[in-house]
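Next, two complexes with chain A in common: one pairs it with chain B, the other with chain C.
So, the complex of A and B:
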């Protein structure tokens, strides 16, 4: 029987359009601060790529979100559930595939499935069967005999058993060959995200994130560097390449720096590279019209790898 | 269906801009004609392995440009024809020429009301004659 109190806990807090909402989260590992005042929100229905260099705190953030670690400060909700107070509820509604999955080696694929079903609160066997069939996973084979890729596919199939509204994946494609990787990403966008479910996945393979993610977040040393719609970033973060007729003076560079939207500047002889936030084309036109001594001016778009490197550099100078 | 879409995720051009541009081009050259149905969001997401929201964004943009229309129970349907688009581009070009005239006039120091009068005269002369 469900008591009124349990019902109240089971009902998620209304949270608008975010599947995950992290606020000033701090998680320490001994004396090391793994997550440092992280604030981040993941829109419902998005495919969110969570990026950062090794040791940036991606896995720690994910484990904390799932209630496996307690935050030292700050708060977060997942599907409206508080990560500390409602971690059991939260895990029942969230599918999780980690880099190292806790599959029991000596069980067969079928036994592993039975085990998961028996411990789950709700279970959609049809969905699991569909994925197991799709990935051609052999029911009678023991988990230990599966290849790394098959193990990942099994974990993914089982994560779909609870019919989750949110799928959290920690490095879902690491160790997979290109075909298995493409197949997994294809299922993620074609089947999971197309049903309006949210996918939050960490990765350091920028090219795969660039293809499947519509939102990205970059963290470094436990704090957020940027979180935005990827297309929006590509549209608004560009590089302006200027070639002056003579090497620009400090004064000329100051004029450039004072222009609207101009960020970090790099100079090498007569060439100057300026990061621009906003309408770089319009800025290029007004610079051209302003009669600076320029030989050439060019606007260059940035792909995710360029953006990532720019943010890493900007962050170094900013902190 | 979407075989002619050639999307490059590793470019600095936003994905939805690439999709909009290529579908627009397909309509312009007549590869897609009024009444043709675009793939569903899910089909295209699967085919291109890109986030469904990106495709939704591209389709919304095409709808704002009045090139496609979303019909209940049918999906997203092309409504513009290449003739209409050619015409739309020509009209756009005329608008551009008007802009150039105004800029030149301003450069010569012609007052706005004088320019307005010039414009009204020209409109009257041509459209007025036509009406007779």
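So, the complex of A and C:
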């Protein structure tokens, strides 16, 4: 039977345009700084891919947002609720799937459903039933008997039970095979996003992020490297490949570096690779007109993986 | 959440209950054998070495049953305490160890609610186990033709329950601090031993908290142990009151 259970009237909050707003967040693990003055805004209704290498601070950020640990400095709001003062309220409207299997192995799928329902403020059993049916999950089987993929699918189905306005997924597809990954992300995240809900998910599998995310944020060593709409980023971040007639002199490289929008430069013999932020085509035309000894010049678009690697390199080189 | 807690602890509770009951019933049935095996000279030697109260445990059926069930030196009581420590040690550490803490903390429940619900379920389980022990003592005694005072058994159940709550609270407090079940369990046993130490010294029983968890005169229906009940209640509440704010601030 389809039931929608309401246990309490949601606390009224004023929501701006951001589902998540983080300001100068600092989180330490003992003497190690895991999140370093992170400032980030996740627009409402977006599918936001939170990227970064292992140990960058993605999971720590998520744990702090959900109140698993307190920030050492800074502040953040989720759906308009302060993460420290209103942690319970924000969790009532947020669905979460952890990077590890955090379901109770000794419970059956049905008992897990009962547990989540009994600990939720509001519960949409119809939504859970729909996802459980979609994934073909057997209700009488214990969680320990489910495959890793099925465990993830169950966690996801249950996260949808509280009819969340925001879904936080921490490495949702880690350890899953490509088919299960595709099923979980492409199919479901798209479906959820079409309902106007916000999805904030961390991952280091860039191809899957590129497939579903419309916004991305890249974090490294606890601080934000970039946060932008993916399309905007792809449109504005390009690489200029220049082939000089002779290996360029330091002076020629300085001229190139001084041009507007030119970022990090890599030189290998006569070839130079320049990261460009802005209108790369216009820059290419102005370089050609500047009289540099060039044999060839080419503008190359970047996919998310290229962008990610470029940002990682930039950060290392001090940009 | 209550159902989940009951499912989680069902095996520990079942095994503990069966062991405690079996030990108590076998012990009760062996009373006559033990009584006959000890000669008056043996009893006198026991009395000289360990005191007349101790020797009475082998000559008086009531004292024998009390010692077996409601004393830490009795097998059945000891098993109950070990089950208690095991239950308490896994309250939070068990969740951390299995990483289910992330699901639990993501629910719209305050940490106080989580801890107190878990504690309440544990307390009810322990009450049920103590009542089961008390009922078994009463029934076995009645069947063997040596009925015990019902009020005395009930008061003993209440006192020993408060004792198990103290151990449960200590183990719960330690399970908030540590992320594995073994260390809270081991440390709880160590603390239990330390709490017992003053009782080994002459007139030290007043300073040994576990000595308040069982009273032979109360079991025999000769007194109502007001002081022991108050001290046991305070001892049961202190670790819980420390665990709540600690869990509130703990990072996962």
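What we mean here is this: the second predicted complex is superposed on the first by the 300 of 319 C-alpha atoms of A that agree within 3 Å, B and C clash if a C-alpha of one lies under 4 Å from a C-alpha of the other, contacts with A are read in each partner's own complex, and residues count from 1 in each chain.
Please note the rule applied: a contact is a pair of C-beta atoms (placed from the backbone, for glycine too) under 8 Å apart; a residue touches a chain by one contact, two chains touch by 3 or more.
Being a predicted model, the structure only gives us computed values, none of them experimental.
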item	value
Chain C versus chain B on the shared chain A, clash or fit after superposition	fit
Which superposed partner A:17 touches (first chain B, second chain C, both, neither)	neither
First (chain B), second (chain C), both or neither touched by A:298	neither
First, second, both or neither for A:254, with chain B first and chain C second	neither
Which superposed partner A:266 touches (first chain B, second chain C, both, neither)	neither
Partner chain(s) touched by A:111 [first = chain B, second = chain C, both, neither]	second
Partner chain(s) touched by A:121 [first = chain B, second = chain C, both, neither]	second
Smallest distance from any CA atom of chain C to any CA atom of chain B, in Å, after fitting	26
For the chain A and chain B complex, residues of the former touching the latter	45-47, 182, 185-186, 189-191, 193-194, 207, 210-214, 230-232, 234-235, 238, 300-306
Chain A residues within the chain C interface of the complex	63, 66-70, 88-89, 91-92, 94, 96, 98, 100-107, 111, 114-116, 118-121, 155, 162
Sites on chain C touched by chain A in the complex	1, 3-4, 7-8, 98-110, 249, 251-252
Partner chain A, residues of chain B touching it in the complex	9-17, 41-42, 45-46, 49-54, 57
